[in-house]
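In what follows, structures are represented as structure tokens.
The two complexes that follow have subunit A in common; it is paired with subunit B in the first and with subunit C in the second.
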Partner chain A sequence: MSAIEVHAVTKSFRKSRVLDGVSFRVEPGKTFAFLGRNGAGKTTLIKMLLGLLKRDDGSLKVLGLDPEVAPYELRDRVGYLAEDQTMYGWMRVDEIVRFIAPFYSRWDHDLALKYLREFELPLATKIKHLSKGQNVRLGLVLALAHRPELVILDDPALGLDPIMRKQFNRDLVTHLQGAGATVFYSSHLLYEVEPVADEVAILHRGRIVRQAHPETLRADVKQLVIEARMAPLVPRDLILDARPDGADVALTVTSAPRVIGMLAAEGITSRVVDLNLDDIFEAYVSGRQFEPTTPTPELAPV
Partner chain B sequence: MLLRVEKGSATPISRQLADQIAALFTAGKLKAGDRLPSVRELARELAVNQNTILRVYEKLASEGVVEMRQGQGTFVAELSRAGRRRAHCDKLADEFRSLVRQALSLGLSKRELQELLSSALAELDDEAVSPLTESERV
Partner chain C sequence: MFAIARSLVWKEWREQRWKTIALAGILFLATAIVGGGELAHLRGALQWTGLTTLPFVSLFIAMSIAASERSGNTLGVLQSLPFPLWCMATIKLLIAVITLAASLFIAAATIVGFELFAGSFLGDQLDHRLLAPTSSIWGVQDSWTGSMLLVLGCALSMLLWCAAAGVNQSDEIRAGAVGFLSIAGIWALLILVPMAFDYDPHLVPGWRWLAVAAPGGVLNGGAPGQSLPKNWWQTYDLRLTWVVTVHLGLAIVYVWRFGRVSIKGRSQGDVTAANLSTKLDWLPPPRRSPLKSMLWKQCRESFPLAALGAGLIVIFVLIAFREIRNLNADVKLLVIQLWSFVSVFICLVAGVGAFMEDYQPGVPAFWRSRPIPLRRYFTVKYLGGLTITLVTLSIAPLVLGGMGTYLFGTARDAAPVQQTYSMILSVVLMQIGIYTAASASFVLSRRPLPTALLAIGSVWLISLAIGELVPSLPKAESSLIFLSVPPILAGISLAYHAFRNDWGWRK
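Let's look at the complex of A and B:
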């Protein structure tokens, strides 16, 4: 059984369709990074996973349960860190831990204390006096101390500085992956996600436009520089982005090994450029199509 | 063992790490029989997914650079002369490939590249024949 199964889920707010047939699955024990630009609908989907929002259509199973049918049972088994988590600022760290504990049937107080120690969180400090990084770590303690099978984190790295982001990744590797938990987390920082994710999915215009292991993605998506007049030989549906450069054109393509082979079969050598994940993400979410017939317009003098 | 993960690089992380470990070995900083950190330790230290570290060790094991011993850990392998030679050759071949790519992107032809290599080799031959002429040329 998959830890998360989402099939053809749609959601509109008034007239705008935020999710338009989203499908993916997350296998148990994997770390799954959910990527998209701000406003792509990541938080909307996460809220549905927890039964905090109703879908318009499609099906959705988390740990085998439908979140709309069994939200409380589900939330007892899932650890959740909300985007911009707001906690009672007037409570002290030890107070909020005791306040949260009774909501979970499997709360492990010793584990909570162990995390508090390891994360070097000051027990007697009021939440409003914690730093942003300490806040995220406290949120993690509260999300993890009931030993959830699945942890859902909504943009946990938001607002963290580079040192804290690395520390967060380390916490994730040590405490979550090390314990065999399934992790589903959203982010818009690809280079932060790459070291830790088993799988990345890119949400764009309400759909998952790509789901793959980061290194598979890198091997599959490359930039090829060829003569512009040869560009029509490349199947259009494989081109994510096209940038003319004089007589040449730089095409960012999927199935790159196949495209290189096709071009080679026609006697065309292409210069192959390896891309980093940010380049690949950009090609998927803001790629420009190749317009072969449009002549370059002469710029009118201003 | 000092390793570095360069974020946002066009080189995948597993390749970065495998290359760095192989380089430490080539440079003699890792010796046959040395024990590498456990997958878990290295994952924690670098803040990198354990599966990625495992893939790096498996790749190095398949190349004969390390040996993964069940229940004991990962050790730098005892390499035969031939194996060591092959490891150096692989490394050089990689560097050649990237040099060739660089040259082609600068617009050099394959022929010009071959000429560059030939003249570099010829220079070495000259030095080998008369090492004393080095000072005269300067």
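Let's look at the complex of A and C:
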């Protein structure tokens, strides 16, 4: 059984379609990076996964449960940390831990204390007096101390500085992977999840435009620098992005080995540039098409 | 620079315009009901509704201009603008004044319009049928315009005192609590000190001079029902100058203090690891059940305000101690009146505050994503908050009213038992109604001021309608309950559905 199964889910707010037939699966124990620009629909989908929003169409199962049918049972097994999540400012750290604990059937108070120690959180301090980093870490304690089977993180490190973000993501995901939990990590900053993600899905304009293992993605999407007049020889549906590079053009393409083979068959040499996931993500969500200015010969299919 | 000022005026007006219309609507509707729908009674009715509504609402507008920017996390934006904070504060204050004045003006103009339309325009005549003539110190006792200006002056006075006292508080409820406490404290002082000096004739006139500039004291010169000795400093111009000076001073205090606060105080959480090691040895055990956990939270949120209200009731009763003996007044009736006066305000604020913490920016994502059953959470929050408020507010009146004869010696205990019970029942139903209306309005609007306007408006209209119906029905107490329960249940149902389904104008 998959930890998350999403099939053809759609959601609209009035006339605006936020999710348009989104489908994917997350296998248990995997770390799934869910990527998209701001406003792409990530948080909407996460709210559906937790039963906080109703879908218009499609089906959705989380840990074998339909979030709309059994939201409380599901939330008991899921740990969730929202972006910019704030908590009751008047409570002290120890008070909010004690307040939240009884709502979870598998709350581990010793584990909570262990996390509080590891994260160096002062128990007697009011939440409104915590720094941003401490707030995020406290949110994590409250999301993890009931030993969830699935952890949903909605850009939790948004307000942290780059060093803290890096450390936070590395430590957190490594820890969760060690504990065997499934991690659903939503972000718009790919480099953060690149080292730890088992699978990546890119959401753009309400649709999943690509889902693959990071290594597969890196092998499949490359930048080819070729003479500008040769660019139209590359099938347009394989080009994600095209930018002028002096007299040449830099094409970011999918199915890169195939394209390289096609070009080689025509005797066209190309410089191949490996891309990191950030560049790949950018090409998928904001890629520009290249408009040729000079006529070019036909490319024979391989 | 001018463009920024214009933008700020536009922003403030956009935030306040619906309040103006809502407040004018409430004033006019209440006036129509109080006036019995008869054109000849509308002027007097507006005086009465204005006097009972506008100063009260002005407290909520003051809460809003004192703390809404900070509670809405928008103060940082204002601080970063290349525009002096004092100018922004001045704009906020001016728009708030316009909001109050415009609402009264719209209601009054509507009445004048009806009069003109019906061909029975009364000029500037005052209607004394519903309201006793105000003190003559301002020379406006026979002018409707003058009496309207006095109502407005009273409201503006409350606005300035509350805003100056509560400015820069972290949220509107705190600002309102600080403002209300300051106002109550000033009046307590103004009443207690002359008492302590046994109404020394050398002291009292001066004290009244102070009282005229106290919150709302402008209404009757601070000496209700008593003429003032004609001393040199009690001439019309000097007293007016004094009142204006004090209130200008309050405006300056508000304007000067506005925004002079760091957005987030120095983090006490930034303590060293060495200090932490000693603090993290032991974590108290979790609360025993979800119900106890929710109850604990609601107690912490609701009890301080209720305790404040109970304290105010005790203070007011003790202040009235001397008058009870002097006037040979009925202790129980006096206590009930004070109880109802304080509890109406406290229940309104408690109703607003019952769900306020749960709707702070970013907090709904926290509790909604937990396995917290929403129906139970709502029930505990609503009933818990209501019970805590009602019980805490009732203890002091019950003790003081029940033991009044012993406590106050010569005090009379003359009210019929049936009348006392009717009054108590009315006050309790009023408390439940206001709390429910405020809770439902807050869950829907998620902002204190619209909540207060909605709650006051709905309770006003419903209680006036009930007040019209009950005397004509047999068994008044049963009828009162019978008529009050449906709107209360409707309010609870509306609040629950809005809470469960996350309905709200501001998400």
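The rule is short, and it goes like this: the second predicted complex is superposed on the first by the 284 of 302 C-alpha atoms of A that agree within 3 Å, B and C clash if a C-alpha of one lies under 4 Å from a C-alpha of the other, contacts with A are read in each partner's own complex, and residues count from 1 in each chain.
Note that contacts are C-beta pairs under 8 Å (C-beta built on N, C-alpha and C of every residue); 3 or more make two chains touch, one makes a residue touch a chain.
What you are looking at is a predicted structure, and each value in this text was computed from that prediction instead of being measured.
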{"item": "First, second, both or neither for A:174, with subunit B first and subunit C second", "value": "first"}
{"item": "Of subunit B and subunit C, the chain that contacts the larger number of subunit A residues", "value": "C"}
{"item": "Which of subunit B and subunit C A:200 touches, first, second, both or neither", "value": "neither"}
{"item": "Partner chain in contact with A:98 - subunit B first, subunit C second, else both or neither", "value": "second"}
{"item": "Subunit B versus subunit C as contact partner of A:129, first or second or both or neither", "value": "second"}
{"item": "Partner chain(s) touched by A:80 [first = subunit B, second = subunit C, both, neither]", "value": "second"}
{"item": "Footprint of subunit A on subunit B - complex, ascending", "value": "5, 7-14, 40, 43-44, 46-52, 101, 104-105"}
{"item": "Residue ranges of subunit A in contact with subunit B within the complex", "value": "31, 166-167, 169-170, 173-174, 177-178, 191-192, 194-198, 214-215, 218-219, 271-279"}
{"item": "For the subunit C and subunit A complex, residues of the former touching the latter", "value": "170, 264-265, 267-271, 273, 275-276, 279-280, 283-290, 292-293, 296-297, 300-301, 357, 360-363, 365-366, 368-373, 502"}
{"item": "Subunit A residues touching subunit C - in the complex, by the definition given at the top", "value": "50, 52, 72-73, 75-76, 80, 82, 84-91, 94, 97-104, 107, 109, 112-113, 116-117, 120-126, 128-131, 134, 139"}
